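Notes follow the structure.
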Amino acid sequence: MINHLKIERKEVNTPTVSSLYFRWDRKVKPGQFVMVWVPGFGEVPMSISSIGDLKCITVKAYGDSTRKLIRLKEGDFIHLRGPYGRPFSEPEGDILLIGGGSGMASLRTLIGPRATGIIASRTSDELLFSEEFEKEKRIEVTEDGIRGLKGLVLMGLDQVNVEDYSCIYVCGPEKMLKAVYERIRGHKVRAEFSLERSMKCGIGICDSCSINGYQVCVDGPTFSIEELGEMTEFGTTKLLSSGRRVQI
Amino acid sequence: MINHLKIERKEVNTPTVSSLYFRWDRKVKPGQFVMVWVPGFGEVPMSISSIGDLKCITVKAYGDSTRKLIRLKEGDFIHLRGPYGRPFSEPEGDILLIGGGSGMASLRTLIGPRATGIIASRTSDELLFSEEFEKEKRIEVTEDGIRGLKGLVLMGLDQVNVEDYSCIYVCGPEKMLKAVYERIRGHKVRAEFSLERSMKCGIGICDSCSINGYQVCVDGPTFSIEELGEMTEFGTTKLLSSGRRVQI
Amino acid sequence: MVSLAVRVGGINLENPAILASGILDENGYTMKRVLEEGAGAVVTKSIGVDERNGYYPPVVVEGNSYLINAMGLPNPGIENYGEEIKIASNGRKPIIGSIFASGVDDFLRLGTSMEDFGVSAVELNLSCPHVRGFGSEVGSDPVLVRDIVKTLKGSLKIPVWSKLSPNVSSILDIAEAAVESDALVLINTVRAMAIDAETRMPVLSNAYGGMSGEAIKPVGLRCVYEVKKELNVDIIGVGGISNYTDALEYIMAGASSFQIGTAVIKSGRGVFKKITEDLEVYMNNNSIERLSQLVGVAIR
Amino acid sequence: MVSLAVRVGGINLENPAILASGILDENGYTMKRVLEEGAGAVVTKSIGVDERNGYYPPVVVEGNSYLINAMGLPNPGIENYGEEIKIASNGRKPIIGSIFASGVDDFLRLGTSMEDFGVSAVELNLSCPHVRGFGSEVGSDPVLVRDIVKTLKGSLKIPVWSKLSPNVSSILDIAEAAVESDALVLINTVRAMAIDAETRMPVLSNAYGGMSGEAIKPVGLRCVYEVKKELNVDIIGVGGISNYTDALEYIMAGASSFQIGTAVIKSGRGVFKKITEDLEVYMNNNSIERLSQLVGVAIR
């Protein structure tokens, strides 16, 4: 079932990222995603980045579909199906969100008074949703160093004691996830990672998003650190659109 | 959806009529019917003749399917779909049931302390469910005259004042219905007739059971006397299996 | 001003919702009632030369999303059917006479009788999937189809519609063969069957039947689209239409009008009125004056 | 003693529930997991000579009772697929290599490679309904089908299965042409499409796709029955199977074993285990020792 939803509000977050807000009477949980159809262009998975009365997707222009999406205006319609995927768990206590690039979109619904954020991006003007964290709980890391720490996401991790948190949530490019995973796996801390693998069906049938026999679209996109620990494909190989196996 | 139901009890009612009792967790109302599939033989409409914990169909051997049905034993299975059709209405007060032949089957669920019955049949051993009426409320009419009045159903009607009843229910061959209709239509009395026209689908699509644009299987089988009054086909013409129009 | 009137296949309709052949059209009084209750036209059940009882029941089996039927083309034979058409014509809207036969001569004879009975058009049933020697077997042979259509077009004064089967390797080949028709009616039922695991038997007395309803809408849409994309011919869409969105989908795929069959099980005879009312609301909301503006808009 | 083991199409299966081609079989690890979680065998996605990305999404559209897909035969090309089969073979149950091509030579080349990769049988996809030049167009030509089957049977040591399309005028004609196969796999998807009335567009980027799931079960059953009634050949049933009753219906219609695809959407990978367990209960309750006792019992 395709839902046709009017864009009630548009927010330009960075030069390449915009958020589209719409009314949708569905219960969505943090970490879930939708398949957004861009007629004539394609269909792409997008995290739900706001789950209140107004729902939201936050789109980074990348290829044809996403470039078309960020050009939409208020009053235009978006077309989507879902919500799909296993949500993040939501334990009590302080939490740490680690987001690289557009990965912050899927973590945004977890932002709140008890959340500390490590927000990483290549350039400073690409930092996403940083301002939504409380000032003292915001650790920015950029490769250009114009804002926050200069470097990669692990540098942000140096600023915190990971075991202070009831759960760590991580979303971003798989290489980044792997780096974070390697860093924290020795520690006594719960952690969940949201994976992004190429998705075609979104409903667990086509196998294009799979990792070690799990379909990211239905078994994930969120996986616990223990689950990832069993996955030999994590951070090493993936399949292209054709199904050809390549190194990540 | 075909229901496969075990025959819990079999009752031989007359030389040609048997009742098959089965457990079926469906709500059925007086006047409704089912389509009974006799694998390898056919599928036939049958009124539900008991709507308590055990449901029941009462079958008169007629052609192949019904002959096969009355040969079934306890423990055998019957296969049916439904219930179908518009039930009888059920007003307060005394009621009069007029049944010809196997027509009593569909009226049986209305038998009770407030019901008077005119039970008609060709031969005396074919009188159906007569004994289920209270003794003093039982008017039997047979063509052979061995039991009850000798004659046709209208002779039974002479014994009662039709306006004493809150509703009159009639079921039997269409010629009989028509005769009863003609007799009582002048009177100030509510009446409902259950029609039997050849049925193939039972679900209002094939048109084989139609009368003046109404499908007996879904708009009926019960019709009020006023509704029948509008039907020029009532008691005059019907369609054969092929759809050829013939006089009744 | 919004109007639901359409012109299709050589005739004018007050509204585009037509009763499909074989549903509620054995008895003339039923067709009359269906017209009075809102259908834009009715198609008669398919009539042949000789009287046929059809198959013994069970002749239908219902699934969640489909009906399978094997009525077996019951019909009183053409010479007995004039009476029903006469009764139905009191509905004062177009009656389309559906006919089936195994060859050109019988089709012509049937078509001529239908014309004499006063129908507005004939619909050639080239597609009944479960009766040997009729329908599908005729309808999957492009040479025969072309011949039948040519002959009837050459001989009848009323429009000729051809109803095609989806049970063919290429619907386009058959549509091309029938392209001289005033309209193509797409689609008839999809050849299918039901088995009952409990009794270990096919349910239908004829074993095979034709599937209709919701489950075949994607097949019907595909056929309409595939044909309209290539051929310049009026199309009447049929298969699984139960609400106005279904109807719009067929129209956007290329149909100028549509027929409804199986949906009467769930929605009753009122389905025609309901759909046309809903279409009118849609047209008002979307500033569509005539449905013809939407015909084939989805084709790329 | 009840046993779910079956012998079909020249191979032995621990249980009859096989993963259908194109579902959860792009990645070797997934096939391995599906086997570990209960499938009796898996069929690989259809592999061709050259690498293909398939179509742009949307490649699937879901209805209440069906899925329509137009993946567009994405595959890494035969020379890149050996690695996946190697990974999958750790599942220690039969892997069937599905292949597609437009002519005899390519089919032979692909079949030979599959044999070298160590698969238990090849399944010829003679039936994909939405990619031009492959599948259906090949599979509706009896002469070509006969030629392909004959050549592969003559050259390969492993069994050859032929998967046929329901989108033909006569499934029996094609089945006869393929009858030398060790098994016929019936059916592939039904050619279909979805239109979105809101955007006035076909939903799938390829417009046309193949329908699977509940809605096509009556078509699959009909094809199995129609073929088994006439031909003495092993049949593997596929199309809309989601529970053990569906599976029994296919078996009674003539299938010796069955495949499951679309049902994984609702029931997940656990569907194979669930169905085989339910079948076992059924067999115990009905004193059936081997499913072969039920094959074709509904045919009359």
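By letter and in written order, the chains are A, B, C and D; residue numbering begins at 1 in each of them.
Heads up, the rule we're going with is that a residue touches a chain if its C-beta (ideal position, glycine included) is under 8 Å from a C-beta of that chain, and two chains touch if they have at least 3 such contacts.
These numbers come from a predicted model, not from an experiment.
*Asks:* Find the chain most remote from chain C, comparing centres computed as mean CA coordinates.
*Replies:* Result for max centroid distance from chain C is chain A.
*Asks:* How far is the middle of chain B from the middle of chain D, if each middle is the mean of its Cα atoms, in Å?
*Replies:* The computed centroid separation for chain B versus chain D comes out at 51 Å.
*Asks:* Where the CA atoms of chain A average out and where those of chain D average out, how many Å apart are those spots?
*Replies:* 36
*Asks:* From the mean C-alpha coordinate of chain A to that of chain B, what's the distance rounded to whole Å?
*Replies:* Centre separation, chain A to chain B: 67 Å.
*Asks:* Specify, in ascending order, the residues of chain C that touch 2 or more different other chains.
*Replies:* 196, 201
*Asks:* Provide the list of chain A residues touching at least two other chains, using ranges where the numbers run on.
*Replies:* Where chain A is concerned, no single residue meets two or more other chains.
*Asks:* Looking at which chains touch which, would you call it a line, ring, star, complete or other?
*Replies:* Shape of the chain contacts: a line, open at both ends.
*Asks:* Every touching chain pair, please?
*Replies:* A-D, B-C, C-D
*Asks:* Enumerate the contact residues on chain D facing chain C in the complex.
*Replies:* 63-66, 68, 136, 140, 167-170, 190-197, 200-202, 207-208, 211, 214-219, 221-222, 225-226, 245, 248-250, 252-253, 294, 297-298, 300
*Asks:* How about chain C: which of its residues touch chain B in the complex?
*Replies:* Chain C residues touching chain B: 22-27, 29-30, 32-34, 45, 51-54, 56-62, 67, 69, 71, 74-77, 80-81, 83-84, 196, 198-199, 201, 203, 205, 261-262, 264-265, 268.
*Asks:* Enumerate the contact residues on chain A facing chain D in the complex.
*Replies:* 1-2, 4, 35, 37, 39-40, 42-44, 77, 79, 81, 199-208, 210-215, 218, 233, 239-245
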